[in-house]
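Chains: A, B, C, D, E and F, in written order; residue numbering restarts at 1 for each.
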Amino acid sequence: MYELGVVYRNITRADRAATDRLAALGSATVHEAMGRVGLLKPYLRPIYAGAQVSGTAVTVLLQPGDNWMMHVAAEQIRPGDIVVAAVTAECSDGYFGDLLATSFRARGARALIIDAGVRDVKTLAAMNFPVWSKAISSKGTIKATLGSVNIPVVCAGMIVHPGDAIVADDDGVVCVPAAMVVRTADAAAARESFEGEKRAKLAAGVLGLDMYNMREPLAKAGLRYID
Amino acid sequence: MYELGVVYRNITRADRAATDRLAALGSATVHEAMGRVGLLKPYLRPIYAGAQVSGTAVTVLLQPGDNWMMHVAAEQIRPGDIVVAAVTAECSDGYFGDLLATSFRARGARALIIDAGVRDVKTLAAMNFPVWSKAISSKGTIKATLGSVNIPVVCAGMIVHPGDAIVADDDGVVCVPAAMVVRTADAAAARESFEGEKRAKLAAGVLGLDMYNMREPLAKAGLRYID
Amino acid sequence: MYELGVVYRNITRADRAATDRLAALGSATVHEAMGRVGLLKPYLRPIYAGAQVSGTAVTVLLQPGDNWMMHVAAEQIRPGDIVVAAVTAECSDGYFGDLLATSFRARGARALIIDAGVRDVKTLAAMNFPVWSKAISSKGTIKATLGSVNIPVVCAGMIVHPGDAIVADDDGVVCVPAAMVVRTADAAAARESFEGEKRAKLAAGVLGLDMYNMREPLAKAGLRYID
Amino acid sequence: MYELGVVYRNITRADRAATDRLAALGSATVHEAMGRVGLLKPYLRPIYAGAQVSGTAVTVLLQPGDNWMMHVAAEQIRPGDIVVAAVTAECSDGYFGDLLATSFRARGARALIIDAGVRDVKTLAAMNFPVWSKAISSKGTIKATLGSVNIPVVCAGMIVHPGDAIVADDDGVVCVPAAMVVRTADAAAARESFEGEKRAKLAAGVLGLDMYNMREPLAKAGLRYID
Amino acid sequence: MYELGVVYRNITRADRAATDRLAALGSATVHEAMGRVGLLKPYLRPIYAGAQVSGTAVTVLLQPGDNWMMHVAAEQIRPGDIVVAAVTAECSDGYFGDLLATSFRARGARALIIDAGVRDVKTLAAMNFPVWSKAISSKGTIKATLGSVNIPVVCAGMIVHPGDAIVADDDGVVCVPAAMVVRTADAAAARESFEGEKRAKLAAGVLGLDMYNMREPLAKAGLRYID
Amino acid sequence: MYELGVVYRNITRADRAATDRLAALGSATVHEAMGRVGLLKPYLRPIYAGAQVSGTAVTVLLQPGDNWMMHVAAEQIRPGDIVVAAVTAECSDGYFGDLLATSFRARGARALIIDAGVRDVKTLAAMNFPVWSKAISSKGTIKATLGSVNIPVVCAGMIVHPGDAIVADDDGVVCVPAAMVVRTADAAAARESFEGEKRAKLAAGVLGLDMYNMREPLAKAGLRYID
């Protein structure tokens, strides 16, 4: 259950340097480095292709059809943050547009992750302000009911705590708990360092079957080839 | 219930000048200017990004898997119209492709809004003929059963009367009743005239909390800040 | 029911020349030429716009969350093939990324059709390796359970046999049984040869009602015009 | 677009006797008698099996998460009415429970058709108050924003005018325009009068192929039997 | 791809005695006995609770909104058959009601499995004619386009060949290939014979952890208990 | 992100007496008493109608297609508990059947809430073991990968902590944080004490408009009556 009507001003943000390294590593590699956990559901999609960001989470809990708390959240943004927005019920309304994006950017926000809809997507793309959302909708919202800022929220099926590291790209969105961000960035970088060599081998026609020594375990599992 | 097998030839189209002004204002602003109503459901999506149009509705009611009435509708199109197509049942077949688009354009149509599927989307994009649809599908249709043209239809959850003004862009599709189009265009333009100033303030770091005087009503609603 | 744990090495591929002609004809025309059958469900979408390919099917049956058989399938790919992947249960995980794409391409594959998710979509687009999938997801997979290669599979609602011809573009994906590919390519080409002339007429303002002689059958069906 | 904040007190209800005959005929037969139109989308389901009702529509337009207008609608109910409720946006909240059902019944309502959620379904079943809804949900609603009563609404994809006849059973919900109710009831009764005889023949083993003389048209359409 | 316009009259039905034993074993046990395959997707649901049947498949391929082939299929039914119906496109119309059920039963059919909608469900329940379907809908169908009878079809994601054994109950629907029915019935019966003993132990408070010797493998996998 | 491979043995359960009072109050009243929060998404449905339970949560995190941790959870159940099961990915497999239900009941469990599928529903109903699930499916699961027991989980969109109170009935499922259960039970009881009087008035024909003094606020909001 959610605590309503509160704004936590002092949150512990994940290590800045480690968080910033996550963007280039990408959501797939980071999520693998954590043991294949931390992924928000894949119905969250970027509003335009190509953005690749990481940052620390400022969380906001919204009421259905009401974006009042987005303005409250704006004040809590610090440079390097990504706003992660959840809603207390299913809603596809357009909670966020180019005015809020202008304000978020002025405060230093790098992106918005929202389990609802956004609008003004043409302008947002022109501004290069990346958003991952569940829907795109012209539907406006009102400002009447309190939610909360910087409480733990459930966004697209994943618990996000304020200060957690977020990494998002065309493949999806991953949440890395603040306490794990340094070791995750290291593990992800290690994973990636092997990729170039593997790619070269595969491009040369070497099969994964041989490169990963899969033939024996496949045979053991009972795989039969039929001519 | 729908009247089947009829074509209304004389429809009263919304004011041309006011209708034409809606495109630049956009679906979000127009929908706000009407009091947050008139929006078709957000599952309708543009087949390519960036189109922004407005026009007067020629409506067509189709049967599932049957696009016969599209040809009947073509004859009723006048320059400045947008065809709004509904189906009597759920269907994602590809009712419309580049040949029909060529015909619609020759008659003066600006766009198609369809609560079903379309195909030839690569060619449609190359032709710059914008379509908002529920699906993209190669699935062809037959020509066997009558529907109607220029009757009131339900498209993506919204009643559209022939002659209503339609505005569509990357954010969605809005229907403005013919009788309201002048006052809606004026109200939307008024809304927009304030946006530049607001954007400048927000870009300078002014918070919406202050610009919109939200701090007092938030406190009254019981918002608590916790350090 | 599926046969598990088998790889058929010798499959009969559809006629190469006829298969290769299908790409330019496109999924909509090919599907019409077969009598409006053969279409995979339209929830399969390309990961980037504009690709248009045809090829012979190498089929692979995957287990949920497990992409082991993708590596087994890679060895069975010959130049001109398209891999068609089905899963034994609903799954949106990211079974395929840039490393597998590098391997598939090195073996001569032209595309992947998968009834599940893929990742590394930015790199796949940069590589120009086309994929039609149900989802995009960072979610990684394991390598633990056997499926099969080159058995008949159900992909997006359609039975695909190994060796069938596949054609895919922005409108969707169509499967042409190997035995029908020559006559289908011919019939599709014949359909297309009339399109230029039709397009010219429609662009000149001729109505489909007249070009297709629809006025009489419409009147017989009872269509009434009301002024 | 909807007119908000209005209550039409004087509506013309469909012929009472004809409306009342519809319940026994059932939604499938009535919908066939109208030419296979008038059906609300099948995602509306009864909250308990076995109810079979008809009545005249009192329509109500609700705001998302707000059931204020249900109380306004209650006053407009007359004996023999069925309340048909639409919402201005997608919402599955529980708009209606046993207290409102008690009030509706006291006013003479026979049922509720609602394109949203309801709750207290165990009590509603015990009361024998039938409801067709999109969802069942404990989620409560507030009373803050105006909708309208007795305007034309879109409920589950169908336009319903106040005073139209509604028939609902385990198979679904059909709307018969007030002007058509007498002739529809007659046509439906005529359809049904043949059913007993048909059922007896089919039960005796006569095939529909013979009873409906389908063998010749099937052969003409090209059906081939293969032994 | 489907072969259209054909009826195969001579099909090889699965062993009768083994097929008949499957009903009492149930869909879950049978599906386990085959190695957790053969299950149709769980969106197929019984129209009433409690039915438990098995039989041999007569397959029928239908066109969207058209139930003509159901009458053709009726003639091919023999006592002990279950009709398995697929559609060439997504459709929720009511293809089947009490008249067809009367005819199917007269021919000896035990049930219908249909990847579409049915109607007259109250009467079907009263007749005790079990149906597993994707939807319930009053929507009627026409009789205009050919499909096929007794070809392999894809129903709810699974390939069903004519003559395969089908078992269906409240948990779902499973298809057992004709060639595997005897050994599957034996394996399922063997599985079930151990269930009574297990149930008695578990009811006495023995934990599955101990009964199945899971403590050691769990510890090996790294499970930690924290007090 | 979830902590994997751990079992917390000592959890603080919500006050027993207050928890036990929640069942009779019902999910709708309890959720209202908390301020309309705490509700799990309404896609969770009871497998049979009429059950009404409350209890303390033992939580379990499952892997897709793997029910190993259900057996680990069984040992942690104490009389009066309700097992709340989440999965690390979307899955509709049948994780739970009559054997596990026998074991859970022997340990004192009152119900299962699961964001996935279950099977043996006929037997579960006969046993009177209530389950709220997302799906019903014969699909079996394996026992291969660790999850966790008694960590905070997200079930149907809501965070549930071990020891929280759960109340579930035909209307849905509500989670009450352990610290709030006494005051919530009191508030819910207070709400309910007024219902009998209200029901009597409404049954006598008094309108909610008058009973709740709505006429003035409706007029203030601008409601217009049109004769």
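Simple rule for what comes next: contacts are C-beta pairs under 8 Å (C-beta built on N, C-alpha and C of every residue); 3 or more make two chains touch, one makes a residue touch a chain.
Computed from a predicted model, the values in this text were never measured in an experiment.
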| item | value |
| --- | --- |
| Labels of chains that are neighbours to chain B and to chain D | A, E |
| Chain pair with the higher count of C-beta pairs in contact (D-F, A-F) | D-F |
| Chain E against chain D, contact positions shared by both copies (same if over half, else different) | different |
| Cα-centroid distance, chain A relative to chain D, in whole angstrom | 44 |
| Whole-Å separation of chain centres (CA-atom averages), chain E against chain F | 31 |
| Between chain E and chain C, distance of the C-alpha-averaged centres to the nearest whole Å | 29 |
| Residues of chain E touching at least two other chains | 90, 92, 139 |
| Category of the chain touch graph - line, ring, star, complete, other | other |
| Touching chain combinations (by label order) | A-B, A-C, A-D, A-F, B-C, B-D, B-E, C-E, C-F, D-E, D-F, E-F |
| Interfacial residue positions of chain F with respect to chain E in the complex | 5-10, 48, 68, 70-72, 74-75, 92, 94, 97-100, 102-103, 105-107, 117, 119-122, 125, 135-140, 143, 145-146 |
| Partner chain D, residues of chain F touching it in the complex | 26-28, 31-32, 36, 39, 42, 45, 49-50, 52, 169-172, 174, 195, 198-199, 202-205, 207-209, 212, 214, 218, 221-227 |
| Partner chain D, residues of chain A touching it in the complex | 64-65, 89-93, 139, 144 |
| For the chain F and chain A complex, residues of the former touching the latter | 1-2, 4, 34-35, 37-38, 41, 88, 90, 152, 154, 157-159, 175-177, 180 |
